[in-house]
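Two complexes are shown next, each including chain A; its partner changes from chain B in the first to chain C in the second.
Coming up: the complex of A and B.
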């Protein structure tokens, strides 16, 4: 408990510095409104229900895109590791697609699917699928030969063997890839909503900024970063739980 | 011997072809016949291809030269008739001791309660009571080996391929496990091929001991080693001691050759 307080001490210092800078008008108050006023607008945004509605819309898009990316990306990665034809077919596509800045696809997905949820989900799905596919591929290839043999000799058919041996062998690497995808989903979510959307947290940031409501804009920015932090923390806990078998008891 | 052998290995060779580096001829012209319910031990210097031979019989590696038949059928793939205890255990690291042992049983048609009972029986048999919920990463080498042993025995295959299954055990536990294996083998109809570096163990357990030559592996000699296992004084009996001695000399010659040939 004590150490947690110490850990986040720099954040408290930053908050105090922020408040002081703004109060002393070291920078213009429109560029940096005092933190206390940002908090007040945050409460307002919560009270009007604006924050909840837009957060809901954003989380739905990020969640749906990420879930699709995890399921399909894992299947493709394991497929590539275990069937040569799939590898031959897909690996050039993955290689080409990997370095492409996924935000460049924002206008494309809008042309395809319009301003609503569809285009955001597609964008997040495409962007997040790449790290998931690559990590599933690398993880699946590292599965130990004798473990595969062991399962086969105890009556597992090929499909079972993939599920019982290859997937769990790939899990440590795969879970790391999904963590990258999780961070990427937030980036793609907010940037696509900033550019074209009628709701969502990114939209709200853009809208409030354009209207000059900087306190409220900061409040939404802080909400997004808190959500991102909470998602990563929650994910790490889940990951540690799932990989408990690797721990050596000291 | 009346009927056809249960396992017939005929002029089998095996070459490993690593993706980089040159091919390795691991086995050259191996022929061996094992009868139903026979217990055969394989002795030979490190690297002579004992594990490779077990992998071929298990159906894990393709038989490219020569032939291997089990019950008259050519071996093509792994099958539940042949259980294997791997030299390096090959436990599923993400499963607990109990779940590792249950794995093979889950693919058999038996009620859940019976499966669990079976698993528990073998956990107790190898002396791992109290460690049912441990993961392999939390076990000592000997405990991992006993888990692997229990997993294969619980699965109850008619052919047991065992690759130095007691290699990581202390002398005391080793004797207990040897006795358990013998009693299982005497109670249930099983054919065993047993790889070991321990000459005394081979002579004690096996009906016949096949001595392999240094790489590329061949069967150099096969020695009959039928003794009365129930005789408590067997280890000191003259016949037993002489057999161990005879085999020791054969193995040592090969070990020396392997040493000289080593790069």
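Coming up: the complex of A and C.
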């Protein structure tokens, strides 16, 4: 307990420095409202239900886009590792789309699907699919030949081998790729909502900022940041759990 | 952080067996570009077929025409130059700052105590949400744009530097010490070179991130730059301009990332990974 307090003390100090800077009016209070007032307006936002509604909208978009990216990306990546013709067809496309800064797709998704959920889900799906595909491909390709051979000699057919040998051995790398995709999904979600949206946390930040209610804007910015942090930590715990079988075999 | 760039293309393996004839080589060479050609043909064909309005999908040829006219008017050079300038300045500041903080954390207990919780909490946060705060503080010009890039891109560099330095083999350090290396020599001649591959991996995460953030910042703050130009085009329902922007940004991203991986191979020519099969 004491060590945790010591460890996170710098964050507390930063928070205190924030409060002090704002209270002593070293900078204008519109540029940096005191932390305590930010917390008060956070509670207000929760009470009016504004925060919950917009958080729901954002999480739905990120979740749907990410889920699609994981399912399709994994299938493509393992397909590329498993069957050469798929690799030959897809790897040039992956190679040219991988370096594309995905935020460039924001205006196009709006042209295609409008201002609502569809354009955000499409954007997150397109942006997150490639890291998942690449990690699934690398993971599946590195599955140990001896495992594949023994499975084959024990009479496993190709499908069974895919499920029992290739997918589990691709798992560590794949889960890492999904972690990258998770971080990317938050970046794309917030940017697209900041630029064009009618609801969602990014929209709320822009809206409150334009109205000059900076305490509330800071409150939403902090909420988004903490959500991103919590999602990553939660995912890491899940990942450790899913990979526990590896420790046991060692 | 996973090495997302390591897409090893296994084309050599496709040619196993008896010595490949020229015809086979040509066939596989064609297979490599087939899907890109198919994409180009499909885009042009769908756009011309009338299944989509030119607003939803302008034809590739008209988009190329647009890029050409931008290039002639000089706008393309200005916009590309500004976007690359912002992304690279942000990236370079993140590189220097990130490596310095990482080195400081690995050598100094107080620096480690102070930065460790900030890095471990700050790294997974979507820092792009702070963009309106940065606008509030610094306005909408280059300083603000570069600042938000640094805020985003510095974390992977710090994390990679830390992990890299911590995983330098003890034997290397002990031998150097034994042979009388002082702290400075140890840092420059042993620790940093041994840490270089992982630090470069961190930089390879930071560079695409810099481009992503540069484009978002330009879209939101306006002004010149590829992102700003795309936003202007989309406001005037000029979808040829939007698609031209994507193609331009894609080319810039491709060139930067290729340059980075060539640089990696150059810098690590002494490292055993240089002998591994080349990646792409």
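Please note the rule applied: the second predicted complex is superposed on the first by the 246 of 250 C-alpha atoms of A that agree within 3 Å, B and C clash if a C-alpha of one lies under 4 Å from a C-alpha of the other, contacts with A are read in each partner's own complex, and residues count from 1 in each chain.
Following the convention adopted for this analysis, a contact is a pair of C-beta atoms (placed from the backbone, for glycine too) under 8 Å apart; a residue touches a chain by one contact, two chains touch by 3 or more.
What you see is a predicted model; the values in this text were computed from it and never measured.
Participant: Just checking: does A:39 make contact with chain B only, chain C only, both, or neither of them? Give me first, second, both or neither.
Facilitator: neither
Participant: Does chain B (first) or chain C (second) touch A:59, or do both, or does neither?
Facilitator: neither
Participant: Tell me the contact category for A:103 with respect to chain B and chain C: first, second, both or neither.
Facilitator: second
Participant: First (chain B), second (chain C), both or neither: which does A:131 touch?
Facilitator: second
Participant: Between chain B (first) and chain C (second), which does A:146 come into contact with in this model arrangement: first, second, both, or neither?
Facilitator: first
Participant: Who contacts more of chain A, chain B or chain C?
Facilitator: C
Participant: Residue by residue on chain A, keep only those touching chain B in one complex and chain C in the other, then list them.
Facilitator: In the superposed arrangement, which is not itself an observed complex, chain A uses no residue for both chain B and chain C.
Participant: Quick one: in the complex, what on chain A touches chain C?
Facilitator: 6-11, 14, 30-31, 84, 87-108, 110-112, 131, 134-135, 137-138, 141, 173, 176-177, 179-180, 183, 186-187, 189-191, 194-195, 201-202, 205-206, 209, 214, 217-218, 220-221, 224-226, 228-229, 231-233
Participant: Can you tell me which positions in chain C touch chain A when the two form their complex?
Facilitator: 1-2, 4-11, 14, 28, 31-36, 39, 55-56, 113-118, 121, 124-133, 135-137, 152, 208, 211-216, 219-220, 226-227, 230-231, 233-234, 239, 242-243, 245-246, 249-250, 253-254, 256-258, 280
Participant: Give every residue of chain B touching chain A within the complex, in rising order.
Facilitator: 55, 58-60, 77-80, 82-84, 86, 88, 90, 92-95, 103-104, 107-108, 135-138, 151, 155
Participant: Would you pull the chain A residues touching chain B in the complex into a rising list?
Facilitator: Against chain B, chain A makes touches at 144, 146-147, 149-156, 164-165, 168, 171, 244-249.
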